[in-house]
Amino acid sequence: MLESKYCKISIEEFDKLFETLKNWGRWGEDDDKGTLNYITPEKIKAAAGLVISGRSVSMAIPINKSVGSDNPSPALHYMVNTHDIDIGSGELRFATDFLGIQCHGDCHTHIDALCHIAYKGFLYNGRSSTTVTVQGADTYDITTFAHGIVGRGVLIDVPKYRGVKWLEPGVAVTREEIEAIEQAEGVRLDEGDIMVLRTGHHRRRLELGAWDPGYTGQGRAGLDPYSLVLLHERKVSVFLPDGDGEVVPSNVDGIQYPIHPLQITAMGMVCADSLQFEELAKVCEEKGRFEFMTVIAPLRLPGGTGSPINPIAIF
Amino acid sequence: MLESKYCKISIEEFDKLFETLKNWGRWGEDDDKGTLNYITPEKIKAAAGLVISGRSVSMAIPINKSVGSDNPSPALHYMVNTHDIDIGSGELRFATDFLGIQCHGDCHTHIDALCHIAYKGFLYNGRSSTTVTVQGADTYDITTFAHGIVGRGVLIDVPKYRGVKWLEPGVAVTREEIEAIEQAEGVRLDEGDIMVLRTGHHRRRLELGAWDPGYTGQGRAGLDPYSLVLLHERKVSVFLPDGDGEVVPSNVDGIQYPIHPLQITAMGMVCADSLQFEELAKVCEEKGRFEFMTVIAPLRLPGGTGSPINPIAIF
Amino acid sequence: MLESKYCKISIEEFDKLFETLKNWGRWGEDDDKGTLNYITPEKIKAAAGLVISGRSVSMAIPINKSVGSDNPSPALHYMVNTHDIDIGSGELRFATDFLGIQCHGDCHTHIDALCHIAYKGFLYNGRSSTTVTVQGADTYDITTFAHGIVGRGVLIDVPKYRGVKWLEPGVAVTREEIEAIEQAEGVRLDEGDIMVLRTGHHRRRLELGAWDPGYTGQGRAGLDPYSLVLLHERKVSVFLPDGDGEVVPSNVDGIQYPIHPLQITAMGMVCADSLQFEELAKVCEEKGRFEFMTVIAPLRLPGGTGSPINPIAIF
Amino acid sequence: MLESKYCKISIEEFDKLFETLKNWGRWGEDDDKGTLNYITPEKIKAAAGLVISGRSVSMAIPINKSVGSDNPSPALHYMVNTHDIDIGSGELRFATDFLGIQCHGDCHTHIDALCHIAYKGFLYNGRSSTTVTVQGADTYDITTFAHGIVGRGVLIDVPKYRGVKWLEPGVAVTREEIEAIEQAEGVRLDEGDIMVLRTGHHRRRLELGAWDPGYTGQGRAGLDPYSLVLLHERKVSVFLPDGDGEVVPSNVDGIQYPIHPLQITAMGMVCADSLQFEELAKVCEEKGRFEFMTVIAPLRLPGGTGSPINPIAIF
């Protein structure tokens, strides 16, 4: 086992870590589910068993239509009809609208398809990155998750553990800290679990505004790359962070976003970005439990590299 | 109680039916959940109890990007980056894309916000239709369903009951037939349920192409308006049809789409359109049961009149 | 005649100026050309006579696809096909793309339709502002200029006259200064002319960046409202500024953008926004003349409130 | 000189014709203007001399927002604001809109950049087709025509010559017919000219609807490939057809659209598509002359493979 640490990581160490985490071939060369394979029918059934109080909570940020330094690609939302316009018969009117969204926009809660990331010309399982063309992804598109992702969500609430409102940009969460939080919360990440990592990114945005108001760079809090060894050992299936899981600036030489290729390309892990857990964290606090049924329903977009989502936690 | 029937309905009869079904004020004038109020925490908990075999099934049509006579507003899907483009550092590449969609497009599985329909200048609960402007809906937008819709889904499989592949356009499903199907399937639509109405629309499209290949009109199979009295009595919460629930041509004088204003405007019922149940129907058949946990997660789009969705059934 | 001045203007003075400039009914109540009526066939012929050296120059800013504090609605530009994709037969390939643009975006060179501005509920010529609905403009849309705008352009180069690189935000150009520049340049704005007003806005952007880098407000240089009396007397037909002709902050109490309603709503003047004259100014300087044939070709967009354009000066 | 003919052309004959027409290197390897080089300042000056009656006429089809069998990619046009919405100060309101357009859509009048077509992996002048990526064209994008295209337009009105309303799909215009029409009209296509080829396509659409109402194929009238030898000899600079200049079905084995690669890739000719000359043809008829000043002003879209345009003829 590699030792967890958060210090400068050379490209050679990164590549070694990549090899350590690699699930290529684990479920056969035709596999298109990656770590979703860990979620067995039994796991889904068990997750449903967590529904005790009958309450559902969204883990999505409201879709943001305004430009900001952390929202360079705001969603387009236009009305096609309002009720002033007579398109129905007689007194019946329909209001309709158009939504345009960059699926991987920094401020839009979205899930990544396994084709989203390429490292050294390869996608997960060793497929060629050239299978993604201007007309969309021929392999590992978002429709591989068409029937939804259902499982047990486990909230790892780092700011709560540290007694702070949020983590500041540049802060990394190590394996040791995750294990300590598990103990404090009385949960344990296990095979097939959906890891919900709260750094408090969204709360900081609500209170202080964008991470980086001047477009001059970006800062984020996220995972220490070596913490992925824990996720790998435990066979975690899905990763849901506020922010995108990355520490920015990166501590890996020459790799600006190390978490994405390790998770998606090496491990075939199902990852989402830009969720928010402010509503969720309150419910967990109230109920004193950090596990819940989770359902994610990506749009069935053929060729898509991702999808906007509204992940739902059910208590 | 009004008698169920499928014959010509005058506008006066329609307006009387509208009054019969009206839930305005039932949950107070500030209510923004409509028939979602029927889904209590107990109902959600009971729905989760239906998860026995741990299998999830999508009820969405794959997003259609090609023009067709039943898809006049195809989705726009463009790549923003492929892996040939160097936007990452070194060997790390990101493929990203843009999705544009008319939320209420005939071929896109979507949910309607309660603001979607106005009748005689009013939305559900008597609010003014002028609250929907070119900048979006100020009231009853799709964010009223932000925390997801979770409940018991009940499949009413009409073609299976009739022993046909699908209903032809113009065919109406009456109250009596729904009750007969309940008996045949061994289920009963109850308070807070999510009614899943299969007419076979999508199967017909897959086998024969669009309902109406020449743009010269449109035909659909759906509900007899009087069947809504049953849904009203039973306190059904959500309506999920393939097609849009309407019989086209309409049998109501002067009202081209009678189901929408009755359900959404009068009843405040949560409705979706253009689902498909071909995968679902097979699973129900195999398992010999027609009820299942259902989760719908509309995008949190402020001001939106609807949202594309991928509704998930969990067995 | 009102005296030109640049000082605080009360709303009563503004409304009086509005009345002074008003061309409503001047060309009949069915008129849809406004001040374009000043451009007679003779004027067009005379404008063509200015083509001596056979050189054409663009007056448009390159379309900007990146968010900036002066470009909150960047253009969307996506490839639909590249040559790597086989859509042709055999060895023949087509590269195609999609452009999405907010017609009146601050950084996109565009022309305003006469319906673009309403003041007190009225469009130019006293038509109701309610004729513009969510489905587009029923009156005074951009197709009233479908056959193009052709005439004599006259450059009023204010920075050149003042011996500065550009005007700073908040600076107003008065009637007296326009007259002084005419004398210095040896030109005179006359009936049917296209006035090209250079403040140096674009040069400042290229050298210093956006007017207002913090989104906290906006500053611009433009016309003193009373200078419009000169344009009215001289029967100027078209107004082409860099920036949008407005001084920001405004000196009119309660009217943030006074030039737009005076020009478009009162006068029915054809106006464009966000041009650039850096290339043009150099050619004028070289040739020692400030008049040239000008051609503007708005897209024929039914219902449109404006159009992106590339106005061409021909010497 | 090759003999003009309209019969089956083998791929070998096509490739030989490609070589005959090739202008690669003619204006140097850095050239980015292609046949626009033929338009000298003298030609522009002479074109302006054709402005006698001071009348301008559009050669664009109104932008079509509705799906049709000849408009599979209708333009998106949404209102951003109407005057009902208070975005101005006090009584001042702005109506604004959004336009989305596929630049090369069959029903949208547009100009092709020289990068639009690749044949055997090459663009005009032998540049590699890989210079066009998902992020746009690095070479020969539409900004090479940024300063507009100005010259003498010459209408070749084929239906008028034949005494028919329009050419039927599948009909080819040969070199001999063009020469006969020149004689009948009293004009001669010459160096630097803008050839305006009327087949009556748009008139047919207005009277009979789309060429091909069933999406099952497509038919068009256009140029015999060998007629391009005439354009090459005469040094024609720009080609403006109604339709797209192609005969469909093609008479070249294995090349569905032979005109595009011959004109754009071999010759470097500036080509537009989907114009209409119904208004123009009437003016030519009235005035008894078939030549006029022409101005085309493509949007300055960096990386663009084309642009929507409204080409203007000035008499």
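Per-chain residue numbering starts at 1, and chain names A, B, C and D are given in the order in which the chains are listed.
The working rule: a residue touches a chain if its C-beta (ideal position, glycine included) is under 8 Å from a C-beta of that chain, and two chains touch if they have at least 3 such contacts.
What you are looking at is a predicted structure, and each value in this text was computed from that prediction instead of being measured.
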Next item on the list: Would you mind naming the chains that touch chain B and likewise touch chain D?
Entry: A, C
Item checked: Type of chain C:chain D copy interface by residue overlap (half), same or different -> same
Note to self: Nearest whole angstrom, what separates the Cα centre of chain A from the Cα centre of chain C?
What the structure shows: 46
Next item on the list: Would you kindly tell me how far, in whole Å, the mean C-alpha position of chain B lies from that of chain A?
Entry: 28
Margin query: Quick check: how many Å separate the C-alpha centres of chain A and chain D?
Written below: 47
Next item on the list: Give the residues of chain C that touch two or more other chains, as numbers and ranges in rising order.
Entry: 76, 79-80, 82, 84, 98, 100, 133-135
Margin query: Please classify the inter-chain touch graph. Allowed labels: line, ring, star, complete, other.
Written below: complete
Notebook entry, point to check: Which chain D residues qualify as touching chain B in the complex?
Noted result: 66-67, 72-73, 76, 79-82, 84-85, 100, 133-135
Checklist line | In the complex, chain D residues that touch chain C | finding: 11, 40-45, 47-49, 51-58, 60-63, 65, 75-77, 79-80, 82-84, 88-104, 109, 115-121, 129-130, 132-137, 143, 146-148, 150, 254-257, 260-261, 279, 293, 295-312, 314
Check: Can you name the residues of chain A that touch chain D in the complex?
Finding: 76, 78-80, 98, 134
